[in-house]
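Next, two complexes with chain A in common: one pairs it with chain B, the other with chain C.
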Partner chain A sequence: MPTSLSSLDYFRDSYEVRLAQLNEKRRKGTKIVGTFCLFVPDEIIFAAGADRIVLCGGRTDTIHLAEQYLPRNICPLIKSSFGAIVDACCGGNLSCPHIQLVDVVVAEATCDGKKKMYEILPEYVPTYVLDLPQKPESSEAIDYFLAELRKFGGFMEKLTGNVLTDEVLKREIQSSNETRKLLRRLFDLRKLDPPPILGSEILSVMQKQFFLAPDQFRQGISRLCEELENVIPEPRSGRRIMISGCPMAAGNTKMSDIIEQKGGVTVVEESCTGTRSFWDLVDENRNPWDALAERYLEIPCACMTPNDRRVARIVDLAKQYNVDGVVYYTLQFCHAYNIERLRVQQALKKEKIPMLAIESDYGDSDIEQIGVRIDAFLEMIS
Partner chain B sequence: MPTSLSSLDYFRDSYEVRLAQLNEKRRKGTKIVGTFCLFVPDEIIFAAGADRIVLCGGRTDTIHLAEQYLPRNICPLIKSSFGAIVDACCGGNLSCPHIQLVDVVVAEATCDGKKKMYEILPEYVPTYVLDLPQKPESSEAIDYFLAELRKFGGFMEKLTGNVLTDEVLKREIQSSNETRKLLRRLFDLRKLDPPPILGSEILSVMQKQFFLAPDQFRQGISRLCEELENVIPEPRSGRRIMISGCPMAAGNTKMSDIIEQKGGVTVVEESCTGTRSFWDLVDENRNPWDALAERYLEIPCACMTPNDRRVARIVDLAKQYNVDGVVYYTLQFCHAYNIERLRVQQALKKEKIPMLAIESDYGDSDIEQIGVRIDAFLEMIS
Partner chain C sequence: MITLGIDAGAATTKTVLLIDREIAGYRVSNTAFDFLTAAKDLFSELIAASHIDENQVENIYATGYGRNTIIFANKAISEITAHAKGVYFLFPEVRGIIDVGGQDSKIIIVENGNVTDFLMNDKCAAGTGKFLEYTAKALEVSINDLGVLALSSNHPAAITSMCTVFAESEVISLRARGIAKEDIAAGLVSSIAQRIVVMTKRMGLKESIAFVGGVAKNVGMKVELEKELGIDLFVPFEPQITGALGAALVAQGIWREGPGS
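And then the complex of A and B:
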């Protein structure tokens, strides 16, 4: 049962506001960068005077287009995103209008599927790929990533014609940290029992983080926090659930929706569209490039190996948010998150925290099935 | 119809000989390293005084074991390999006896599936993982890989108690280059029309490269070359086929077998169990570490991005070997090779070289189906 929080209206109306802003900025010469992943630091894009929107697709209706080029058995996020770009570049009307505003895609070598999809993108949109070391714990890995970030900075300078100074970069780091702190404040409110807001509502808000301008997004989050800090929560007896796993891109709220329709309540998402996006701050007291390289390489994505940081984070979040159970969510054919499930399950079992693993795509055909499994899980943990 | 080359008997008998050798070496204190990939330089292992065997599984009978830990929808090579190790470590009798001889696995961050499987391996066998940059073209990438190789060298020194000198490393580079040149000589013979040997016979020999000791392997290849240089080939009217794509590990000759049962003849494999293993030499006139880093990072595996080198190599091989068509072979759920198919197809189309894409696992259930498609392809290109 959705709450009626008036501050959520702000987000509902924000798409059109932002679209107008992007159009206006572009008309005035600002470059618009499209990204697909948290590993590409926003700070560098903004410090170079460009704007950015994240292009990860959560909708099912562009997938059939992608399947003309890509194998069917890869993850729906990749197919949805690629299909949206193909559609936008071929004058279709399936994809959201903001996709046509992108001057360049800045991609990253995270998973096999995205990495190889990016090789086909240049036929549709200029594409720059940032390499990532995959073993993040060594000083050599940080050095390599630092070099990649500096090269990326150089690319942004060329693209925009602006000079990317350390001073502006520091200001952007502060700005991004401000967003991160606000999101912590928002997520802290979900620790209340019962939580004052549904997980599906939070997810829709979090998805906006990747499209709105930072100040526009922060304004909405501030209002939401203020309202939540003063709201008297509706009594809810739902089991407290953490969703952990793959990103849930705009258009995809399937898992949260099912959990909450079945009477659970999602209190935290260990996800790119959840804690992974804001949990760790960038150190403001260091050289900004070094600080960015270290912080970003610590993002506990399953593309990293070993990924003990993520396993520990999940257990920690489960405790902090006092969850009754974890739904481990994998997008179909996402090998990294899918295989990492075993280690997460082992760690949660040690802590006696129940876990249910669900692998799904963006289609509707398994909603009933998943619902039955969620029902059984909620009953088991109640 | 298989030829009757007496030099092939050498390889048929070689398993037992090598197994006895490994047992004897181990008894005397030599460390046995298990690897899974061409990106781990043999030269470093041998120079440190250790021996190595490649553990990639091509058999179907250990897969059910792996599926107790790993998702079903990942590639059969990963499941087969992991299952064999689990079996060996749990006292089973499914896997080959050499697996129990491995002191340590040296793995690499190539694809998502293997990378994440390696995180579970330490429960069964000590495991060391070599990181790989994924964009091989930059000097920073080479520097990073060089640092990884040097660290790996240090690890090998600790493991064996030997000092890994540049001198010994150079000797091992020469030795490996010798093997590579011999394999070139062997593959050059396949350029004859008709070729003097079947592709399925060559594949079985190539699979032995990853198990036998280098001198033992070279002896067999020398004999084979000598015999082939003097043999009068049986007249064959089969279409000349290149198999391009995923490795075909020992136990898996499915694709070659089907092609040749249908009357085609495989004249070259663009594969880890084909040209990728030997095509490029290591420069013997440079610092051995630098030379290794550069040569190995140039292996045109689909895990690299962009992978223009592979696309160009395929077109080049198709011409050099005068092929009538290419069978693009992907192991099921191997995203990297599967997605790269599009770019390969585009490049071959430009050259008017026909291509058939086949995705398969190690099971028998699709042999009929694949046969029908191969039949149609051979007819189309004749």
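And then the complex of A and C:
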């Protein structure tokens, strides 16, 4: 392993700072919103004077608790998240106690598994569900989503007692765009060959995005960018891999870890814990609501149909980051991403970019089997 | 140059000794618990039988599930690469490989000995040697007899379960209904063959296919696969050693190598 980057220490220490901040804020009456998805605009939550943390679970130890209530054959992210909530609400200590910091969950109608889980959630925590059109390119979709966002804005106003003005919303859009631009800057550095930072190091930073306060997160990313731009770090060499697919929520770094233990290096993640969270900016020159609706509907998630733009995005990223191969990573039983694999594979084949599909859960039982596949894939693209 | 290839498989360990590009000897045995002991024993046997000195072996490469435990090997490579090289050595005209081993099954696409794509089964025993092993036990026959028995069936029973554990119970319920042994055997062979055919077709393989791995020794499986695919398969004289052979060939330094582990 190359010597560690000192700015990564900032992220390691940031957790306790943020936890104290959230507790303090809550004591003073700030409402804390828990979310599960990039489709819920942070800007609206922050503009209403609330704070937010993302509750997606990446740990395996809460899954068995969820299986007391949910079917076994649904994705581990849903089970892990739900298990953590059940555990925390029943006085357990298996999971980090984030759910207890939350006044309300703002959920979203994305995949079937999540939608149905959200129906059970109100037994444990107040839950609001933001609806999403399924065909984002249809002419009615944007109008419908805009109305949904405004309704959500109204909900946030009622929750916090604050008025959500266009002015404040614009300020929050600028703030979120600033984060997105910084992440672009960070990801641009990974285009270097060899890249100055490992994918597993980036992933642990990206996972923090969903817990830290925006300014706290930006400070860390700025430091990291500066360190990578100014100090010449030891290069991280190996075959250049893109991971594309399901989110890798905090606690789950399995795929990145295996790839890099086997001698590859992940240079970009087409994922909610990768490019999907920051790639597109919100237009600051338009009515903030229209701009938000448009930008958020463009998120290339497999729950949308048709989803040609995701396929195009993957091919584009593969070229921009000059990858040697793509690891198409899906969580077990995630139908949307699993089925979309075929179209991605066809598109990559046309571009002569090798792809390996891996479906896995949060357990350790298949680490060796995945290792064999990664070994063979790296040998194949050498 | 003398090289040794070791395929430390989940069920069996295979070794091949190469003197230049000639196979000087090979051994196959059960892995039992310890990959390393199995490999060491076979190495000693092979050395003794070939009348060469251990020190004359210049390069040792390991492959297979236990490849990283073979500490006396100079390098470990994946079995996908190893099979591709081994099969290419035996049948240069082959475009694809069906390898069905004890723990997994895989389809490998090869071009001049290089892997261009591959597909492995999900992380369960369906479509592997384990499936045959367990279900043969439920039929109270040996795994080899299962294949021979299957050939004598005129009315194969339908085995609907792909899951090894459920297939075992399905076999028991078929027995309880008085279905003939050979018909159940044929049903089992056809069930695993179909699984492999799906993987083969998914990879777009149509012809020039080699069938290797322990399951390729099963005559019933070969016949069933050939029927389903509508082609004749290339089966090596000893289908279990292609991985070890490939490792020994790569150890000869013939191919440009990957990162290894």
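Here are some notes:
Just so it is clear, the second predicted complex is superposed on the first by the 376 of 382 C-alpha atoms of A that agree within 3 Å, B and C clash if a C-alpha of one lies under 4 Å from a C-alpha of the other, contacts with A are read in each partner's own complex, and residues count from 1 in each chain.
In this section, contacts are C-beta pairs under 8 Å (C-beta built on N, C-alpha and C of every residue); 3 or more make two chains touch, one makes a residue touch a chain.
Everything quoted here is computed from the prediction, not taken from an experiment.
Counting residues of chain A touched by each partner, chain B versus chain C, the larger count belongs to B. By the touch criterion defined above, A:126 reaches neither chain B nor chain C. In the overlay built on the shared chain, the residue A:92 is in contact with neither chain B nor chain C.
By the document's definition of touching, neither partner reaches A:161: not chain B, not chain C.
Residue contacts after overlaying the shared chain place A:307 against chain B, while chain C stays out of touching range. Once the two complexes are laid over each other on the shared chain, residue contacts for A:365 go to chain C alone; chain B is not touched. Residue overlap on chain A between the chain B contacts of one complex and the chain C contacts of the other covers 359.
Within the complex formed with chain C, the chain A residues making contact are 238-239, 262-264, 354, 359, 365-366, 368-369, 371-373, 375-376, 378-382.
Contact residues on chain C toward chain A in their complex (touch as defined above): 65, 77-81, 104, 114-118, 120, 122-123, 256-261. Note for the complex: chain B touches chain A at residues 69-71, 73-74, 109, 111-113, 115-120, 129, 131-135, 138, 140-141, 143-144, 147-148, 151, 302-303, 305-307, 332-333, 335-336, 338-343, 359.
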